[in-house]
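Below: a set of structures, written as C-alpha cells.
In what comes next, chain A is part of two complexes: it sits with chain B in the first one and with chain C in the second one.
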Partner chain A sequence: MTRQFALPITVFVFSLLALPLLLSALWVKVVTSAVIFSLAAAGISVLFAQLGLINLAQVALIGLGGWVALRLNYGTAIPFTVIVFMAGTTTALIGAILALPALRMRGLYLALVTLMAAGAFQILFNAFQFPNGGSGFWGVAQQSAAEIRLPLLANSDVAYLRYTIVIVALCFCLVAMHRITAPGRAWAMIRQSEANAMAAGVNVTFYKIWAFVLSGFMAGVAGGLLSGALGQLDARSFLAADGILLFALAVVGGVYSWLGALIAGLLFKLLPAVFNNIGLSADLAMVLFGAALLHAIITAPRGIAGQLLVAFSRKSP
Partner chain B sequence: MRFSANSFVAAIAYCFASLAMPALADDPSCGLGTEVMATGEPIKVGGINGNAPPGDFSGGTDAAAAYFSCVNAQGGVNGRPIEYIVENDQWNPELAGQVATKLVKDEGVVALVGNGSVVSMAVNADLYRDEGVMVMASGCAISECYESSNIVSSNQGPLPSGIGALTYAVEELGSEYAACIGFNIPNNGGWACDWMNKFMESKGLKGTSILMDPTAVDLNSVYLQALAEGVDTILLMLPAAPAIGLLKVAEEQGGRDLFKWVSPTPLYDPGVAEVLGDYWNDNLYINIELAPFGSEGADNKNWVAVMDAYGQDGDRRDTFSQSGYVSARFFVEALLKLDPNAIDRAAVTKAIQGISNAESDLLCKPYYVGDADRHMPNHAGRMVAYSGGAFNIVRDCYDIESSYLDPIRQQEAALGINQ
Partner chain C sequence: MICIDNLSVNYGGVVALNSLTLNITEDVVGLIGPNGAGKTTMTNAFSGFAPIASGKIVIDDMNLLELPAYKRARWGLARSFQKVQIVNDLRVQDHLLAVIDAKGIDRKKRVWWIDKVLDFVGIADCRDTLGAELNSYRKRMTEIAKCLIGNPKVILLDEPGGGLSESEMQHLRSIISNTKTVFGAQIIMVDHDIDLIRDVCESTAVLDFGKLIAFGPTSEVLQDEAVKVAYLGR
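Up next is the complex of A and B:
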C-alpha cells in the first residue's frame, strides 16, 4: 500500500514545490495548461477504463466549464475557487445529459453521438462567443475583455500553477476514491456484463450516469481553471477535432492510472509548445501523436503509464 | 564639331554616373547610416506574428527584421546591434500567450515591434501593461490593439479602414445598404462590423453584419446570405485569402453587378491582381492604410530598398510590411536618442511614449504615441480601384468620421498634434 502511494505523492510534492522554480515563465504557462488538460483526460479515462465508453466531447465540456466560470467571474462576486467548483458541477449536469444515449448504445455509435455533441458545442461557442465582461445572459460586448478575478494566493503564473496542481491532485484523489469504493465495483461489473450486474442488484442506469457526471465534473473544473490561466477563452480552443485528439492521447498515456492522464495532458500541450519553441509548426505534433497511438494500440494497451508503472514496480525493493 | 579625348572620357564618365545614380538612390538608408557593422551588446527586441490558416500576418515582422538588419549593418543603435526575436502564434490564443510570456519575461525584450496577429493582442494586452513593455505593432485587427495603454499600431486596423471604404462607397458609389462580412472572432469581426453599422446609421442608411466561423469557412452560404439580405454593397472585412475566395464565389455566380464591392486594406496585396483577372476591373474598391506600393515617396522607396537588400526570400511585401517598416524606423529613431549604455525596458517605454509628430510619406498624417490609455495614430487613408490588373488611386488621403475616434481626437488635441 505504501509503495502504491509513493510515486503519486513524490510526483505531487515535486510538482508543487520544485517544478515551478525550475521552469522559465514560458514553461510555467505551458505546464499549467498541460496539468489542466490532464484533468480532462482523467475524465475520459474514467469512462473508457471503467465502462468501456468513448466520450469525444470532453474538450467541448472543458469549453462549457470555461464559459460558466467566465460568466460567473464577470457577473458575480463569488470567490474563484467556488466558481471553479460551480463550473464543474454545471458541466457535470450537462455530462449527465450526454449519458442518456450511453444507456442504450456503446462503441462506435456512442462515439459518434458524443462527437456530434462536440460539434454542436463548437458551433454554439462560435456563435455566442465567451463572456468578456459584457452585460446580458451571454456577457459578450464588442469591447476589449475585462480582467477576471483570480484566487488571492494565485495571482502570479507560478502561484497559479501551484494552485492548479493542488486542485487537479484533489480531483485525481476523487477519481481514485471512486475506483476503490462502491461505484468502482459497480462499474467493473457493468463492464463485464450489464445483465450480470443487474442480476447482482447493481443499478446500471444510475452508475452509468454517475460516471458521466464524474467525467463532466473533471472537464468543468478543467474549464474553470483554464479560464483563470488564460484570462479569456476563444471558441477556436474547443474544436470537436480536439476532442478526438485528447481521447487518443488518453489512450496513448494510459487510461488505467492517474499517470496516464498526466502523460496525456503533457503530450497534448507540451509537445506542440516544444515544436513551436524550436521554430517548427505545432501541428507537427499530430504526426507524432498518430505514431504514438499506433504504438499504444499494438504494443502497449495500458499506455505509456502502464509501461512506466511496470518498470517502476520492478525497480522498487 | 570635334570631340576631344577628354570630352569623350567625360561623356563616358557621365554615362556611368547616370547609370550609377539610380543604384545609389536605391541604397537603403537606416539608423545612423555609418556603414559600420554594430558589434556592441545586443538590444533584445521581440515580435509576434500570426502565420497559419486562415491568414498570414507576418509582413510586419518580416519588414522589421529587414530594417533592423539594415540598422545593424549601418552602425546599430549607437554601436549596439538589435537582436530581433520573432515568434509565430499560429492563430492560437494559448500559443499567443505562451510566446508573449517567453519574449517579455524569459527573454526580457525592451519592446515588441512589427507585431501582426489577430489573437495575440487580445490575450496579451494585460501582460504588456503589467510588465511595462510597449508594443509598436504593424498588423493589428482587433479592438485590444487600439484600446490598450501599451500597444500602438502603425496600421489602422479594420475599423478606420472599413469606415474609410464605406465612406467612399456612400459618397461615390451611392451605397445605401451594406453588408459587413467578417469572421466571428472576439473583438475583430463583430467589433468592426458593429462600428460599420453605426457609421451607416449615422448617415441615415442601413448596415448589417454577416459573421462566419473562422474554423469552418463556407463562402457560398455567406454569399447567399448577403443575397438574401437584399444589400446593395458588400464590405469584405476579411483577410486577403477568404476575401478572394468570396470574390471567386461571386464571379462563379455572376454576382459582380449585384453589389458594390468595397474592402479595407487586407485585399490590397501585390498577389491579388494575378488572381482576380479582368472580371473585377472597375468594380472593386479598396481602402489602403498606407501609401501605394509603387509610391515615389522617399520612405516608400527606402522600404523597397531595405526589403531588397536585407529581406529574406518569401518575405511578404504587403501593407503590413510597409507598416512594419514604419514601426521599426520610428522605434530605432526613438532609441537613437537614448544613451546606449542606459537602454533598458523602462527607458525604451518612455522613449516610445515620447514619439510625437513623426513623419513618413507612407502615412497620410504624422505618427505619435503619447502616454495614454489607447492609441490609434493612423486613421486616415486612401482609396484605390482595381483596374487592368493594377490598383489606381481614386481618392487621396482622407480621414474618417466616427464617434469611435472621439477619445483619440481629444488625445491629439492635448498633445498638440494636428491630425
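Up next is the complex of A and C:
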C-alpha cells in the first residue's frame, strides 16, 4: 500500500517545492498550463477507462469553465478559489447534459455527438468571446482585458503554479477516491456489461451521468484555473480539433492512472513549447503525437504511464 | 410463491414466449428445453431485459414487471449469466461490494456478508484475487456469491454448470440444494445438463417454441412423451 502512494507523493512534493524554483519565468507559465490541461485529461480518462466512453468535447468544456470563471471574476466579489469551484460545478451540470446521448450511444456515435457539441461551443466562443471586463451579460468590451482577481496567496506566477498544483492534486485524489469506492465498482460492473450491472442492482443511468459530471467538473476547474493563469482567454484556444488532440494524448499518456493524465498535459502544452524553444516547428509535435498514438494503440494500451509504472515497480523491491 | 401469468415476449415478429402461465412454489425449479425454446428469454423477462408484450410476474404480491431493472435486484431478484460476468481488474471482494453498495446494505454488515457468501460457496481464500486470475470454476462461484448477497427472494441461474468438471458439479449441487435453507431464496435454474436438473430440482418446466409443454415433478416430466419428442426430435 505504501509503495502505491510513494510515487504520487514524491511527484507532488517535488513539483510543489522544487519545480517552481528550477523554471525560468517563461517556463513557469508553460508548466502551469500543462498541469491545468492534465486535469482536463484526467476527466477524459475517467470516462474512457471506467466506462469506455469517448468524450471529444473536453477542451470546449475547459472553455466553458473559463467563461464562467471570468464572468464571475469580473461581475462579482466572490473569492477566486470559490469561483474555480463554481466554474467546476457549472461545467459539471453541462457535462451531465452531454451524458444524455451517452445513455443511448457509445463508441463512434457518441464520439461524433461530443465532437458536434465541441463544434457548437467553438462557434459560441467565437461569436460572443470571453468576458474581458466589459458591461452586460457577455462582459465583452473593445478594450484590453481588465485585471482579474487572483487568489490572495498566489499573486505571482510561481505562487500560482503552486496553487494550481495543489488544486490539481486534490482533484486527482477525488478521482482516486471514486475509483476505489462505490462509483468505481459500479463503473466496473457497467464496463463489463450493462445487463450485468442492472442485474446487480446498479443504477446504470445514474452512474453514467455521474461519470460525465465528474469529468465535466475537472474540465470546469481546469477552465477556472486557466483563466487565472492567463488573465484572459481567447476563443481560438478552444477549438473542437483540440478536443480530439487532448483525447488522443490522454490515450498516449495512459488513461488508467493519474500519471497518464499528467503526461498528456505535458505533451499537450509543454512539448510544442520545447520544440519552439529549440528552433523546431511546433507542428512537428503533431507528427510525433501521431506516431505516439499508433504506438499506444498497437503496443501500449496502458499508455506511457503504464510502461513507466511497470518499470518503476520492477526497480523498487 | 412465483406466479407467472399469461406472459408473452415478442422480438419483432418472433414470438419468443407465448402466453406462459406457471405457478412455482418449490424451492428449486428447473427450466429446460431445446435451443431457442425461450429459456433465456424467460430469465431476461424476470430481469427486465426482454420486451414484454403482455402478462405479469407476481412474486409475494409484487408485480415484478412494474419495477425498473436495477430496482428488481434491490427488491430481491438475483441472477447469474450464462457467460460469467466477472470484471478482470476487480477483486472478488469488490464484485461483492458492488452488489452490497447497490442494495444499500449497512456498512457494518459488509464484512459479515462477504464472509458469509464466500464461505458458503467455498472460495474464502480468493477474496483479494483479481477477476482475471480466477479459473472458470472460481469465476462461477464468485458469480453465485454475488447472487446470494442480501438474502434475495428469487435467484435465476442461467446454465450454472457450464464447463464445470464432475467434482465441481458435485459442489455446485450442494450449493444449490442448501441455498433455500441458508439464504431463503427460491431458485429457478436453466440448464442443459439433465443429470444436474434431476439431482437438484424438485419440479421442472419444459419450454418448446416459447410454449410451456410440461410442468411437474422432475422425474415425471423427464418421462413425458411430449418432452422426449421436443428434446430428441422424434
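Criterion: the second predicted complex is superposed on the first by the 317 of 317 C-alpha atoms of A that agree within 3 Å, B and C clash if a C-alpha of one lies under 4 Å from a C-alpha of the other, contacts with A are read in each partner's own complex, and residues count from 1 in each chain.
Everything that follows uses one rule, which is that a contact is a pair of C-beta atoms (placed from the backbone, for glycine too) under 8 Å apart; a residue touches a chain by one contact, two chains touch by 3 or more.
Source: prediction; values computed, not measured.
Chemist: Given the touch rule stated above, what does A:192 touch, chain B (first), chain C (second), both, or neither?
Modeler: second
Chemist: By residue count, is chain A touched more by chain B or by chain C?
Modeler: Counting residues of chain A touched by each partner, the higher count goes to B.
Chemist: Let me test your reading of the model: by the given contact rule, A:276 touches which partner, first (chain B), second (chain C), both or neither?
Modeler: A:276 sits against chain B, while chain C stays out of touch.
Chemist: State whether A:182 touches chain B only (first), chain C only (second), both chains, or neither.
Modeler: Second partner only.
Chemist: So, does A:38 touch the first partner chain B, the second partner chain C, both, or neither?
Modeler: The answer is neither, since A:38 touches no partner chain.
Chemist: Which of the residues in chain A come into contact with chain B in the complex?
Modeler: Interface residues on the chain A side: 24-26, 28-30, 33, 122-123, 126-127, 129-130, 132, 140, 142-145, 147, 157, 230-237, 239, 269, 272-273, 276-277, 281-283.
Chemist: Which bits of chain B are touching chain A when the two form their complex?
Modeler: Chain B reaches chain A through residues 52, 87-88, 90-95, 97-99, 101-102, 104-106, 119, 122-123, 125-126, 143-144, 147-148, 184-187, 190-191, 194, 213-215.
Chemist: Help me check something: in the complex, which residues belonging to chain A touch chain C?
Modeler: Touching chain C from chain A are residues 182, 185-186, 188-189, 191-193, 195-204.
Chemist: Provide the residue numbers of chain C that touch chain A in the complex, in ascending order.
Modeler: Per the stated touch rule, the residues are 47-49, 69-71, 73-74, 78-79, 81, 85-87, 89-90, 94-95, 97-99, 101-103, 146.
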